[in-house]
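Each chain gets a letter, A, B, C and D, in the order it is written, and its residues are counted from 1.
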Amino acid sequence: MTILFFILLIFMVIAAIIAVETKDLLGSVICVGAIGAGGSLMFLFLRAPDIAITQIVVEVLGLIIMIRATISRDLTLITGDREFFGTVVSVVIIFVIFMAGIEVFGTLPHFGSPKFAEVPGSPSELYIKNGLRETGAANVVSSVILDYRGYDTLGEVTVLFTSILGATVILRAKSRKLVEEPDA
Amino acid sequence: MKGMTIIVKTVSSWVKVFIFLFGINIVLFGHLTPGGGFAGGVILAASYVLLMLAFGRQFVEENLPLGLASKLDCIGAFMFALIAILGIVFGGSFFLNFLFQKYLSGQALHLVSAGTIPLLNIAIGIKVGVSLFLVILMLSISCKGRE
Amino acid sequence: MTRVLPAFVLIPLVMAFVLPLFGKKGKNAATVLANLATITLLVLAIACVGKKGVYQVGNWSISVGIILVLDGLSSLMLLAIGVVSAAAMLFSAKYMEQYTAKSKYLSLFMLMVAGMNGLVLSGDLFNLFVFLEIASLASYALVGFGCEHEELEASFKYMVLGSVASSFILFALALVYGNTAYLNMACVAKAIQTSGLNAGLMFALALFIVGFGLKSALVPFHAWLPDAHPSAPAPISAMLSGIIIKTLGVYSLARVVFNIFGVSVQISWLLIALGVLSMVVGVFLAVGQWDLKRLLAYHSISQMGYVVLGIGIGALILAQNGNVAWASLAILGGLFHLVNHAVFKTLLFLTSGSIEMSTGTRQIKALGGLVEKLPFTRAACTIASASIAGVPPFNGFWSKLILVVAAIQAGLFGLAAVTVIVSLVTLISFLKVQRYIFLGELPENLQGIKENRGTMLAAMVFLACLCVLMGLLVIVPSLRESILEPAVKVLTAGPGYWASAGIIKM
Amino acid sequence: MPYALCFLLFMIGLYCAVVKKNMVKIVIGLAVMEYAVNLFLIMLGYRTGGAAPIIDKTYLEPGTTQITANFINTSVDPLPQALVLTAIVISLGSLALIISICIRIYERYGTFDITEIRRLRG
């Protein structure tokens, strides 16, 4: 099983590198789709079917949105990076963060043995034990997002509402009233 | 945007029904099987987006006008908040699953179980479906409409 | 009292969902409703002063569900949010008539308020992240509200850096979850206290500091602020500079550093360094500006430096196990300056909006002699400038005085000197503003301008009165004990705060 | 080690968002960062040979609504899944908003190149 995860992860990393470095904008967007599809498969094998479904459908719509942005535009190839000095500095900083981060993962429990199993009385354990009895939902994830942590989901609905309202506001045809114009 | 060829139109007018029903299924059974309001809502939106790509924007706008869609967007969000507030009214606490604790306790693995969870799923399904449809419609208006 | 806690989030949220339904025709009704909502929130916030409590959403026990925590610090922030949002909303009633889609503007404004209120009340790390995203997304959209070149560009820049910050915060949160298996702040703090800080948690803390630093525009991360704040409509600039950067940045930073991870000497020096850098760089960049709102934006960076400096000095004394009273004094200075800055920077941005609406420009060199034309705006601007520059007896003086005293007590004489020098440079910069905008000759093209009265003026007068009176918050002992000191106590209690407040058992 | 690959993905996204000058590329970088964080959260909850956190009839004691110990000992962590569900929707929302800003900027300036869009100086 673990070898499968490695294959998928390496696939995602390669797709990400292609998405970042390819010159063709549309190709780059399609590579993002590949990362998303790889991620969705990964979620499925990590025993998260809810997330896998959501990820794949969100991926499709996200791709449509991104292709909308790039298609029928004048796709002049804007390649290359910003000025050389800035690039070098950012790459060095990113590399340092990466090396620091690699050290850190040793402190986490090993992959495949989550922390919640070691902590008695952790919330996840209680969700699994009591989820069906306390909320009646057979899907424990559903009982977490809509009952135990329903308040988060209210926030999430609001985030979506905010961003749609924001997009409507940004895309509206006319932003300032002219002085003579009656209330439009 | 006039839409695509007759083959695409015919196929998508058949397929859209199945996608729509699948979306509703995912929303309604969210508390029993994988899925739920978000995934189902996105699938509902996808069925409309398919129609939009196949038949052109005008066709979709006749079926679901922009004004109505933005109102539905607000109403879906409001429904979600309302169910949360009803918890205060009936049970004294915000987001209390009052239906389950009062009427449905002991039911499990049925469609009518889990109290407010399916209702919240439906509210989220409406909200997510409409708002994603709305954003793609807005983007396509701004892409095509001003040329 | 805890029963009303959800109202702080629900009132603005329900308003936000309902207001777009009004559309163009019900615009005036929507404005009145929105103003009523912000004033209700202000009244509720005043009613909550000095109260404490925990609200368990859905009656779930503390670690399983989400809790809302009302304590000294969050009630102080609620009060600041209430004051700033009420004033900015009153101001926008008239000001936003220039733009279209007013009901959508009102809705986004309410979403921003809901996000901030939810953030300060939240007692759960992931919930804090969700509400932070609500407030951030609403502010990205509002920065680009005018849809002109500069506004969109500023909005894009703000959104990219903001999204990077959000990803950092989420990653840090994942690391914390992976190390402790809890998300509730109280339980996380307890778990960290029992197990001690390991490398993973240190890395998470570093990511949190970078993320919240980006949100609060401390100096190495400040690139977005001087673009985003001036580009927004004036009431939104006031909200962004006045309260958003404090709630999303400094409040969250202080909460995470003090009450979850606990202070250490290195972290304190890091905070002090960030604070001093922000103070110095911000003020020197501000002096050279000739665009009024841009100048104010750079001063925001500089003044945020004061707040972080105060908190950092307090953290240093606490980490060295020094005198708690001195640490309290430093933190008191920082928090008091936070509230003061919220008031006077809001007032300054509102006056700049008033000037821009009357004259059509915000270039300082194109203005002059406005003292006769805009007497009330001038008075408000003078009061706010005196406050920000630390002229007695206005509120800025008291908080800067406390900060200087605290720095001297901690033995950091250099920092005290820097504080005074930065304050002097601020004074020079605002003397320039006064000189070029209100004194001097009135340009030909501005002969016919009129001052905007009505609600815009009411908002400015309200804030100007606060600027004059807020010194009382530290002078009168009963006010100090009910508003500022509980907030300080929350921070000085460190990670043990949750147990001492009775939220969890140790 | 899988964590490290996930972190590498995060860093590739960060690199893309910081260094590239095409606006769509920057958006792609942000999206990649969000994928990486989501994946990381789910990986934190994985149990080798675990079961999905969804109860069906095989996990119930016959005739009751009692959950078997087998499910309690093998189920993966449901909490990160709930968090990621929220995070995915948040990232979709911010994607929609940022793409609409990009489209609007393209309309105004006629280019996606941020070095040419420079009326403001930070």
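The rule is short, and it goes like this: a residue touches a chain if its C-beta (ideal position, glycine included) is under 8 Å from a C-beta of that chain, and two chains touch if they have at least 3 such contacts.
Computed from a predicted model, the values in this text were never measured in an experiment.
Undergrad: Which two chains are joined by the greatest number of C-beta pairs in contact?
TA: Summing C-beta contacts for every pairing gives the maximum at A-D.
Undergrad: Counting only Cα atoms for the centres, state how far subunit A is from subunit D in Å.
TA: 2
Undergrad: List the centre-to-centre spacing of subunit A and subunit B in whole Å, with centres computed as mean CA coordinates.
TA: 21
Undergrad: Can you compute the centre-to-centre distance for subunit C and subunit D, using the mean CA position of each chain? Integer Å is fine.
TA: 29
Undergrad: Distance from the CA centroid of subunit B to that of subunit C, rounded to the nearest Å?
TA: From the centre of subunit B to the centre of subunit C is 37 Å.
Undergrad: Counting only residues that touch at least 2 other chains, which ones in subunit A make the list?
TA: 49-50, 54, 58, 61, 65, 68-69, 101, 105, 108, 114-116, 123-124, 127, 132, 138-139, 141, 145, 147, 149-156, 158-164, 166-168, 170-171
Undergrad: Spell out, as numbers or ranges, the residues of subunit D touching 2 or more other chains.
TA: In subunit D, the residues touching two or more other chains are 13-14, 18, 44, 52, 54-56, 65, 79, 83, 85-86, 88-90, 92-94, 96-97, 99-104.
Undergrad: Give me the residue numbers in subunit C that touch at least two other chains, ranges are fine.
TA: 13, 17, 20, 57-58, 126, 130, 133, 137, 140-141, 144, 147-148, 152, 155, 177-178, 183
Undergrad: Examine which chains touch each other and state the graph shape they make (line, ring, star, complete, other).
TA: Shape = complete; every chain linked to every other.
Undergrad: Report the residues of subunit B in contact with subunit D in the complex, numbered from low to high.
TA: Residue positions touching the partner: 33-34, 36, 38, 106, 108-109, 128, 132, 135, 138-139, 142-143, 146.
Undergrad: Which stretch or stretches of subunit C touch subunit A in the complex?
TA: For subunit C paired with subunit A, touching residues are 13, 16-17, 20, 24, 27, 57-58, 60, 63-66, 97-101, 104-105, 107-108, 111, 114-115, 118, 126-127, 130-131, 133-134, 137-138, 140-141, 144-148, 152, 155, 175, 177-184, 191, 198-201, 203.
Undergrad: Which of the residues in subunit D end up touching subunit C in this complex?
TA: Residues 10, 13-14, 17-18, 23, 26, 30, 33-34, 37, 40-41, 44, 79-80, 83, 86-87, 90, 93-94, 97-98, 101-102, 104-105, 108-109, 114, 117-120, 122.
Undergrad: Where on subunit A is subunit C touching in the complex?
TA: 100-101, 103-109, 114-116, 118-119, 121-124, 126-127, 147-152, 154-156, 158-159, 161-163, 165-170, 172, 174-177, 183-184
Undergrad: Quick one: which bits of subunit B touch subunit A in the complex? Just the residue numbers, please.
TA: 26, 30-39, 42-43, 45-46, 49, 70, 73-74, 76-77, 80-81, 84, 94-95, 97, 100, 104-105, 107-109, 113-117, 120-121, 124, 127-128, 131-132, 134-136, 138-144, 146
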